[in-house]
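After this come two complexes, each holding subunit A, first together with subunit B and then together with subunit C.
Moving on to the complex of A and B:
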């Protein structure tokens, strides 16, 4: 089949990338709203649910190989220091120890992106690698760690982002001229004339809003298990990006990519933090290659929380101007970010200010600073969660000053089209989400006395209802490939190289294939998570997996079905147009008569497997495809103790076609719960005098418990989106977390009559705010 | 965690014998705290002496006069589930119900709960803090939102136990055996502000073993509550807790009072001035408010824990009012 090379645009985690991709063939027609589908759209339980709940599912953490060495890391306790010497002599001869790696014996060992040595002379954050011990047992490795003597020469450090940007600030890295992340930063976006906009405003609301570093806290930490057999390096990697990991390991070890096999059967969470092989996986590969022994290096929780990424803290300062009727005239935002020691980009905190509401005059500055803290990593809608929280709180502040209903203010400033470049939205159903969500939460009665004061005004309990909204991409894009095979018995194998982050990818891809192939779901098996036997799939993130890989699977399945029906047509001596296949049975379209199972035909052939390839087609260039949604939260605040509880969340989202309502609602609930953590509890706490985090653990860094989970009601808005892809489906991974913290912050403000200055709403902050 | 020897004992006396002359030994019961300290390398006992086989240290018994005896190895879950105990001393069930998690309550024992180390992140982290023999308290000038608002020593950590404030409010005594035989001490004798010579909260000697906690019979007109404020709805130490046990006459006057705050000092903080204010008075909202002001008198919050003053005030007020309310309702 002839190929073609096209240039297409892909939006990933808020950034737009232009990329050239190979395409072949034609995708099947879009499943539009009228498509009659039998498997897609059904609330099918996960096809791998049994493995997951019985412990049969093998996560990277579970991999144990004969002769496997265990690696344990020694990390810098200092935020900034020169590693003058590392004396590992005693550790090297300790029982069970097979190697100790430091900067003095790992020449050429660079990090996965090829930017810098893993073991550096100058460590620039608490938790940076200084040495790794490889031993027969974990206990032996831990014992040996204590025998390593490191001589540190402490250097000046800075952890506050605003301080870091000052001219006289200590340099995060001694060799750099300043603490900016690059010459083109800070980035300033402008449209219209902001000064003119403020001059036209009747009211200007100013808001300063802060968010803290949130840690991904995937249940499975970063790491890998590597094995080298002299020909092939196999890496079981806890990654969202097996092909990226393959490329990185091959480059690091000087191997051909065909000598590196990356496996990720099940992933214990990633949330955006695992887009590469990680230093730990690369170290495992390096050690296995050099020692000839399998090596396992999985981070401890503390290592994970110090050195495996975070949602960077932000300080957002808004000025929003509006006419008396609420029409926005100007938005100005300066967002300072704390991207840590090696931050090389800044998640787009300013994006909501540019896009969410109709406003002709906008100036938005993203000013990230490097500091001597752990480097940021993308985290479930990076930047946009923080940016929406700040913007929506600022908008509620404006609504208070204008004495307007917050929802009315948003309706008044509804953005009908994309404002950053002039393009229409493919579909925007946010008004419907407003309507339906508002009705479900009871927006109209939110000021009712009995609702705001559930136990009367003498009680210290106050309740409030607030809202915030989201937009996100999530329409996916090329490149993504899939192969569909029909085996002689009429069962199917779908081969991809994608990753199931735990979201149900295996299940939804099986549904798509079963639908297209006319097979029962049980007759379809989906392969993923292996580079050697798979075909290329992009990293799983950006709410793109379903929308990128799903259409490739569908196209492959369509091709396989076409060939299979040709075969049946020949064998049955019936015109192909007269044949159909449903639930694995060949039917005569006109008579409806069953002609036998698909397998009964394919099995007549000598050793033939039907094989077809599918590729995700290009994205629509003329429109902007978005998910939209809004969330309402009802909270209860005890103003005497500062305790905040979320009572209810109503989430109304348009993610196009819902392929599986169960996995969809899991995504919604998970995102909302994670958002509650950010709103109420989660915070990396840094001792600024020492330059260290004091709570890199599950005890003091508090994620939500099941008792913190409120009633969650999910409303699906909208229809299959014909511009998104041939499924009409958009990703649902990131949308639910985006509005959650902002909605809670606004509900809190409604409850207590005062806007918070930031998140999380821990009792200390709440009581301080109320005492102002 | 470092390597260690492990041995088991069948009784408290055997434990005392096993501890004798051992500098680097540690008793283990549920291990809920000890294991995490060992994993963090805060402590590294060379010998672990397992007390769990000592079956006669388990269980709850009620004497004819109403006094209650809780074996040192009784788990928090057992305390939580014991209906007779909950009937007699509801304050104890309230104290354990929100402690840790169900899994931890199944492991954690009463004795271990009293002996646990504090949760200061500098103690638990790689810092040579004063309790670990260093020369300074990192929390005093550092991150201290969970720390003390009443302190007079060299350490500003708070005692994390939920049971200890409740037991102090019940005037409980801790039965201990050591080389010199048995002795009993009050909760506020067991848990005290650390000193230069004893850089931990528990005053027990290294070769002493808790056998049981006894709670004297409470007056028939006594009622108690335990209130706890947390940063989330489960699995969190008290930011501030309050335990109040009041005996009230039929006309609502306070006959006896024991009021204790947790989460505010290095040991549960009994409030004698509050108790003195209450005794002889009828509980009214005004009285509770005055008592609450007395409760926080002298508090000197650190940079990040000023909120605890408000919490302590409010919990004291609520605890007093709730006890009085319980008496009225009961």
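Moving on to the complex of A and C:
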């Protein structure tokens, strides 16, 4: 089949990339709202549920190979220091120890992106690698770690982002001229004339809002298990990106990519933190290659929380101008971010200010700073979660000054089209989400006395209702490939190279294939998570897996079905147009008569597997495809103790076609629960005098438990989105977390009559706010 | 700084998923180490190694316990049930069935611990209230946030 090379645009984590991709053939027509589908749209339980409830699911952390060595890391206790010497002589001869790696014996070992040595002379954050011990058992490695003597020469450090941007600030890294993340930062976006906008305003509301570093805390930490057999390096990696990991390992070891096989069977969470092989996986690969023994390096929880990424803290300062009727005239935002030691990029905290509400005059500055803390990493809708929280709180502050209903203020400033470049939204159903969510939460009675003061005004309990909304991409894009095979018995294997993070990818892909092939779900098997046997799929992130890989699976299945029907047509001596296949049975379209199972035909051929390839086609260029949603939260605040509880969340979201309502609602609930964590508990706490994090564990960094989970109601708004892809489906991974912290912050403000200055709403902060 | 010690080992008799086993346990080994490294039972996970997350939960004489906090040498004669022993003769336990049916899991890393914590709850309280469910599962962290559906699954088992 002839190929073509197409330039298309892909949005990933708030950034738009132009990329050239190879395509072949034509995708099937879009499943529109009228499509009659039997398997797609059904709330079927996960196809791999059994493995996950029996202990049969093999995570990277569970891989054990004969002769495997265990690696344990020694990391810098200092935020900034020169590693003058590392004396590992005693550790090297300790029982069971086979190697100790430091900067003095790992020349050429660089990090996955090829930017810098993994073991540096100058360590620039607490938790940076200094040494790794490899021993026969984990306990032996831990014992030997204590025998390593490191001489550090401490250097000046800075952990506050605003201080880091000052001219006289200590340099985060002595080899760099300043603490900016690059020459083109800070970035300033402008449209219209902000000064004119403020001059026209009747009211100007100012808001300063902070968010703290949130740690991903995937239950399975980062890491890998590597084995080298002289020809092939196999890496079991806890990654969201097996093809990226393959490329990185091959480059690091000087191997051909066909000598590196990356496997990710089951992944214990990622949330955006696992887009590469990680230093730990690369170290395992390096050690296995050089020692000729399998090596396992999984991070400890503490290492995970110091050195595996975070949602960077933000300081957002808004000025919003409006006419008396609520129409926005100007938005100005300065967002300072704390991206840690190596920076890289800054997640788009300013995006909501530019896009969420209709406003002709906007100036938004993103000013990230490097500091001597662990480097940021993308975390479930990076930037936009914290940006929406700040913007929505600022908007509620404006509503109070205007004495307008917050929901009315948002309706008044509804953005009908994309404002960053003039393009229409393909579909925008946010008004419907407002209506349906408001009805379910009881927005109209939010000020009722008995609701605000459930135990009377003498009690310390106050309740409030607030809301916030979201936009996000989620339409995915090419490149993504799939292969569909029909075996002689009429069962199917779908081959992809994607990753299932726990979102249910394997299940929805099986549903799509079963639908297109006319097979029962049980007759379809989906392969994923292996580079050697799979075909290229993008990293699983950016809410793009279903919307990228799903259409490729559908196209492959359509091709396989076409060939299968040609075979049946020949064997049955019936015109192909007269044939259909449903539930694995061939039917005569006109008479409805059953002609036998698909397998009874395919099995007549000697040694033939029907095989077809599918590729995700290009994205629509003329429109902007978005998910939209809104959430309403009801909270209870005890003004005596400062404790905040979320009582209820109503979430109304449009993610296009819902392939599986059961796993979709799990995604929604999971995002909302993480959002509750960010709103109420989660923060990396840094001792500014020492430059170190003091809570890199689950005891002092609180993530939500089941007792923190309120009643959650999910409302599905909208229809299959014909502009998105041939499924009409959009991703649902990130949208649900985006509005939750902002909705809770606004509900809190409604409850106590005072807007918070930031998140999380811990009791100490709440009491301090109430005492102001 | 402690000197390198020579590990000492001791034979320990345990009943693991109904079968009697004698393990040669290093005195510092936790029950989790023994299950995973010596017996190949990798369903119990290490999420924190300090009793804060519950991913290592197993049943010890019928009670849900954090196996990362138990020394194997102190478990002489105890009956341990791991997730691998919850299904009988290939038939899933009703708790496992309910978790699948209600999608009370996402990545599945914490699921073995959740399932065993739930088993211990239902063994002692066949018809738990919502508060009893929440208390019984509050020591098992799930970062994907399957909590709402874990509650639904538990309610269904409680006959609600």
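Operating definition for what follows: the second predicted complex is superposed on the first by the 772 of 772 C-alpha atoms of A that agree within 3 Å, B and C clash if a C-alpha of one lies under 4 Å from a C-alpha of the other, contacts with A are read in each partner's own complex, and residues count from 1 in each chain.
Simple rule for what comes next: contacts are C-beta pairs under 8 Å (C-beta built on N, C-alpha and C of every residue); 3 or more make two chains touch, one makes a residue touch a chain.
Keep in mind that this is a model prediction, so the values were computed, not measured.
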{"item": "Touching partner for A:445 - first (subunit B), second (subunit C), both, neither", "value": "neither"}
{"item": "Superposed model, subunit A: greater residue contact from subunit B or subunit C", "value": "C"}
{"item": "First, second, both or neither for A:143, with subunit B first and subunit C second", "value": "both"}
{"item": "Subunit B versus subunit C as contact partner of A:706, first or second or both or neither", "value": "both"}
{"item": "Partner chain in contact with A:689 - subunit B first, subunit C second, else both or neither", "value": "first"}
{"item": "Contacts of A:642 with subunit B and subunit C, given as first, second, both or neither", "value": "first"}
{"item": "Subunit A positions touched by subunit B in one structure and by subunit C in the second", "value": "139, 143, 146, 699, 704-707"}
{"item": "Interfacial residue positions of subunit A with respect to subunit B in the complex", "value": "77, 139, 142-143, 146, 460, 640-643, 645, 680-681, 685-687, 689-690, 694-695, 699-700, 702, 704-708, 762-764, 766-768, 771"}
{"item": "Contact set on subunit A toward subunit C in their complex", "value": "45-46, 49-59, 61-62, 64, 94-95, 137-139, 143-144, 146-147, 216-220, 266-269, 271, 300-301, 501-504, 662-663, 665-666, 669-674, 697-699, 703-707, 709, 712"}
{"item": "Subunit B to subunit A touching residues, read off their complex", "value": "1-3, 41, 119, 121-122, 125-126, 138, 141-143, 145-146, 229-236, 239, 304-307, 310-311, 314-315"}
{"item": "In the complex with subunit A, residue positions of subunit C that touch it", "value": "1-2, 4-7, 26, 28-29, 33, 36-37, 40-50, 52-53, 55, 82-84, 86-87, 92, 96, 99-101, 103, 105-112, 115, 133-135, 137-151"}
